[in-house]
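Look at the two complexes coming up: subunit A is in both, with subunit B in one and subunit C in the other.
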Partner chain A sequence: MTATPTPPLSPPPAAMADPAAGPLAEARRLVEDRSLDTVRAWKAAHPGALAIGHLPIYVPRPLLEAMDCLPVALFGGGDQVDIIRGDSYFQSYICHLPRSTVELALAGDLDALDGVLFPAICDVVRNLGGMWKLLFPDRYSSYLDLPQNLDPALGGRFYADELRRITRELVARGATPLAERALAAAIARENARRDALFALDALRRRQPWRVPASEAYLVARAGAALPAADHRALLQAYLNAALQRAVHRYDNVRVVVTGAFCEQPPLELIRTLELAGCDIVDDDFQLGWRYLEGPIPTGAGADGIEVLARAYLDLGTATASRYIGEEEKGAALVRRVRRAGAEGVIFAAASFCDPALLDQPMLEAALGAAGIPFTSLKFSENTGQLQVIREQAGAFSDAVKLWGSAA
Partner chain B sequence: MSDGTRLLTAGIDPGASAVKVAVVASDGGDAAEVRATAVERIRRRGVREVATRAFEQACAAAGVEPAQLAYVASTGDGDAVAFRTGHFYSMTTHGRGALFLDPDARAVLDIGALHARGIRVDERGRVLGHRMTSQCASGTGQFLENIARYLGVPLDDVGALSLAATSPEKVSGICAVLAETDVINMVSRGITTPDILKGIHQSIAGRLVLLLRSIGAQGVVVLTGGLARDPGMVAALRELAEAERARRADTALDIRAHPDSMLAGAIGAALLGAYRHRQLERAGRVERVA
Partner chain C sequence: MSAAPTPVPAPGEDRASAPAEPRAPAKDASQLRQKQLFADYFETLAHAREAGRKVVYTFVPGNVVELLGALDLLPVLPEINALQSAMRKRSAAHIAEAEKAGHSEDVCSYVKCDLGMLKSGNIGPTGTRLPEPDLLLLSYTGCFTFMKWFELLRQEYHCPVVMLHVPYQPDGVITGEMRRYVVDQLRHQVVPALEKVAGRQLDDEELRRRLTRSRQAEDDLVAVWESARHRPSPIDGYFGGVYYIGPIFSAFRGSEDAVAYYRELRSEVEARLRRGEGPVTPDGAAAAERYRLVVEGPPNWTHFNDFWRMFSREGAVMVSSTYTRVGGLYDTGFRHDAERPLESLADYCLGCYTNLGLPSRVALLERYIRDYQADGFLINSVKSCNSFSAGQLLILRELERRTGVPGGFIESDLVDPRYFGRANIENRVQSYLQMLEARRGRSAA
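Up next, the complex of A and B:
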């Protein structure tokens, strides 16, 4: 007989004294800081410096840091905000994120921000940017038009000009004028943060029982209002602690979750997928952190803005808001599944998220051709009833585990 | 580990009101024997503690050390079983468990404390379709437990009293809240307890048969979950299925209960654990869950 597993009888050691408890508590505190108290504290410590919010998916945060601004990623109100006023600004058949963002702003929860950037994701976020200008005419806001033409001579030039425009506008609002050395240093800090995130992802792929996706999500999200260096320190602290954990390994199904790159699922939904027997070994939650698939190249004498523009063109990941060939996106998803050693894919898109839902049939076709089982579900950031999702994820997990198929 | 060529596995099924455990010896396929079972009511205790205790009881009754088990499978509230090897979803385990209890089963009606679920299975126990009652609790054990409490009837007596009904009183077929109001009215009108309980059973049965029809169930339906032990519930379901037979002979339902119906989830989990262990063994991946 082959050696067989010997399950310990009492709760696994990890539940007794978790060395990651400290970093996780700090991450939770930061994530639950709805009124941006940490941003206020940062501003008090940096008199005159600007805090600039930005919507998902991608904004070049090093550019803001180089101008002594604090970039603050905005992910909506999650499941903690009752939408009352926000609903009156948008039609019912769009996603939840803009409503809760407006709700937070009208409630004064975003008052610590000196400005907001609205990167090109979809029409809804473009409309939110317009609504913002009407609601808060005295505050800085700008639509950041990310290029869809990836030719450096066209899209690259356009994007670099966009970044220079934003730089000028922020300087006019009191930001420190951009200096090449400062931008190079900010890019280096961003690359270091990225290295820590990718190390965390790599550990999650190797030993998902050591780094549950719900925890990885929390420590990534905690960086929303942190300078890159502080976020890196938190990520590193969690990573070191996770490596020291005594763990109990479960016979779970390895899955990739995709489609939740903009509006975020409630943490409980991620937990629900895990409890249904899934190890989430790759995902596109909070995609901005990993939007660039490699470090931003740095080199002596390089124009930092050109470097950022080129990184967006060359290293940008295949995602719904990037208009590249359908085959390319499907192939990229299959590569992610293979790299992660995943056995299946869960499409988890926000309700009414056109970019995700329009891409999904093509991605499903690519998975079908590659023989990779998949299932799909929809959520909104305040989804509270998870029974149906639990049912669906459980059925999928069992089918993949026992029969090697999606049904 | 194994018992000869057979694997010893355990299934643990923490539900809303009780934890059920089964220790099974099997070859990883159909040949299997239940070595021991345990059922422990939760009664406001921590479910993790109850699950551990019930597991220890079942292991002791089977004469095995936990370390001898090749796979400890949880189902239901798997989070309560931190020492599990793996988890299977309850519809999969109830389907497998029902097939073990009655090899003719082609559908399962799992009636637990908080939900009822219809599951259609093939001859291997593989789930072909399923549907669960919505958030409304009117088709579940909790609802019946509430009614029993209003009437001052011990839960264990509900079935026998219902079987003694002579003129069942019809109650709301839609809503548990309305049904509870109906019951209060019935009591004030002097309707007997057996007739009230039978009316409740018939109301639940009507809803559950609709649930079964919605997943295309036909043939043998095995009842699982706590309400499968209620003879009044079983009788009401059988009577309704019989009444339907005349007009739906080709898709008639044959409602069956088994003395171990309540343990179907735990038994199914243990059997699937053995199947999974063999699968991992063949793939050389047993260490994956070690």
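Up next, the complex of A and C:
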């Protein structure tokens, strides 16, 4: 079965300019800033302040901002980077993200960073953290161990200790010492950014023809090297513009895409799914932005590090790299599908991504039990051959449209 | 990398041997003892239900079997099931079964082998059915896949799970915070969960006795490892070494049996040392020692003896290896300690080889290359295991740079025979050994 031809993304009537064109162009500029020129500019404007990179999925960015550091989310090199040296550091059976990250670093594209954090997500990122120490012994880098034991007295305390350690290490390298008031303010800015992201998600769920996933992806990703307040402003500008668009509603299939929480698919792949008739109404792309489900609680007199630690325990989302204790595997995905009013799920995992691929059969079983159709594909960040994916997604959307299942 | 070899089959015994090859050499007393130990263990497991014994599934690296033993709980270690299946040529079918059920080709084959075995009736290595678990003890050391593995098993068994999250040692240092986190989990969650399953309280004295016995066995094992400093080495510290770690990495640490096994093994090795003998190989006494190698990475289990012979027939002896440290790194000084029961259990878990950051792994390998006067080192990079494999190409370069000793790089897998390209591997091994030979010639000239 071939894909049903679908119109291009949220097209404005031919003659009318898209009010979102400006914010989208800005987002694209930021996303394509491979050599981190915006980070250099930020550092020039903030002499002595540190820019700290971090790998997926989750790092508490407000902690860095509170110390006047610029957090910079690293997602690998995507399909824009030719791998020349990176491949000689990784065997063929390891995912693509670490090789393009090493490529960027060896090419000097990450030189604007004063340090990099490697959060506990999988063995590859963990070992990449060790490689970093060997490759760049003079630069700051640190592993951030995230707790799998979610008891506040156990994992919570350990995680707060980890955050305090990172804080000490950054101060030793010139970051501003942590002050409670600064942390509370940074948390408030982060919450405001997240409000804007959640508003974007909500609009996307309601009117995906107004906010296609490929655009939402771009404006979210644009925040990688922005302070939370600047990112919020961009999100808000895009949202306001999107609301002013003249749009047509299309009869696409509503899907959730899951599995791409770390290595990111090329933007063209997301567009391909849309062109194949899928409205992506929820996803786990760049999961770090939405890792906490809800605002970080704040309260007068609260110890900010304890607040961040507790938010991680209580609000962390179900994903492959997080142990969910006695909860039922897949139940969270079923809830997401229901909440988004989705009709099906597309599993999109990076090739050789152990966490995503080991999780997938359990999630599939839960979807099967809930009667939710699904299909699955694998990608790498530089996947160029999209025709097969388009046909597969088209067949899936046709099947769901016609029979309400992937059969 | 999970794993521990184990019992049967012993060197010369696996089905990888072609029928026309020499008969398996006579076994040492310690080999016979180990074989009996595991046979009895699987027999006990087979009758665990009738005997009213409780069963806890747990993993090799960072296991806390002293606690289980002190509560009379029987451990089952799924990695051992997987590697045993591979040595018996059953892993291909088990993996196919798991892939048919939707598991990706890309992921760790240990997991798939175990799941496939489960789906095929859960028949253990001695042909008897393994009992279902009363508890899954997810000790999470050195690899994230363990977490997924037990999530998958939990769906099959619907039994309780208790987790022990062991933090990673990125900088080769156990901090007070890390230790406290592990100790507190042991004290407040793991021990209570084990006591609940056992239906009784932990006897602290019994735990201490077990930790004391662990220490005795560890002393003897380290003496065995260090015997390889001599020329010729009386042991093969990789292929032979995986047998030596069988009891201590698995169900027996802390038991009288383990103490007796390691005492006997040590005295045999010391006797070989006195006689100037090399290791025992699949073909009997080793050829004269020509090359001394250090190995990084797990072995391939589907063609274990074939792989070994590629080296042993050329006089290449593995004088030390990191794989034999995955379930406990004792030769840097750690010992279980009856005076600090939970603290030393925590340090043990934290110190397993793949729980160490890459710089520490490089430093350890460098130390082995120097201490054991190796002519070269070999990396067997397995597709299954990101925990081991991600970063090994940098380890290769870094070690060559630091030591000036050349490294060889081979790719295979643990238990998936599709990734053991015999001709390719053999060619690489041959070329590598020839390169060592040529180098030796040059430096002699």
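For the reader, a short list of remarks on this structure follows.
Here is the rule we go by: the second predicted complex is superposed on the first by the 388 of 407 C-alpha atoms of A that agree within 3 Å, B and C clash if a C-alpha of one lies under 4 Å from a C-alpha of the other, contacts with A are read in each partner's own complex, and residues count from 1 in each chain.
Throughout what follows, a contact is a pair of C-beta atoms (placed from the backbone, for glycine too) under 8 Å apart; a residue touches a chain by one contact, two chains touch by 3 or more.
Keep in mind that what you see is a predicted model, and the values were worked out from it rather than measured.
Contact with subunit C, but none with subunit B, is seen for A:Gln91 once the two complexes are overlaid on the shared chain. By the document's definition of touching, neither partner reaches A:Asp18: not subunit B, not subunit C. Once the two complexes are overlaid on the shared chain, A:Ala395 sits against subunit B while remaining clear of subunit C. Touch criterion not met for A:Asp230: it reaches neither subunit B nor subunit C. By the touch criterion defined above, A:Asp195 reaches neither subunit B nor subunit C. Contact with subunit C, but none with subunit B, is seen for A:Ala320 once the two complexes are overlaid on the shared chain.
When the shared chain is aligned, no partner comes close enough to touch A:Asp33: not subunit B, not subunit C.
The partner of subunit A that touches more of its residues, comparing subunit B with subunit C, is C. Remark: subunit A residues 88-91, 93-94, 98, 120-124, 126-131, 133-135, 142-143, 145, 147-149, 151, 153-155, 157-158, 161-162, 165, 320-321, 323-326, 329, 349, 351-355, 357-362, 364-365, 378 touch subunit C in the complex. Residue ranges on subunit B touching subunit A, taken from their complex, read 1-2, 48, 52, 55-56, 66-67, 69-72, 78-79, 82-92, 126-127, 130, 132, 135, 272, 275-277, 279-281, 284, 286-290. Every residue of subunit A that touches subunit B in the complex is listed here, in rising order: 1-12, 15, 248-252, 275-277, 385, 387, 391, 394-395, 397-399, 401-403. Per the touch definition, subunit C reaches subunit A in the complex via residues 101-104, 106-108, 111, 138, 140, 143-145, 147-149, 151-152, 155, 161, 163, 165, 167-168, 170, 175, 177-178, 180-181, 184-185, 188-189, 357-359, 361-362, 381, 383, 386-387, 389-394, 398, 411.
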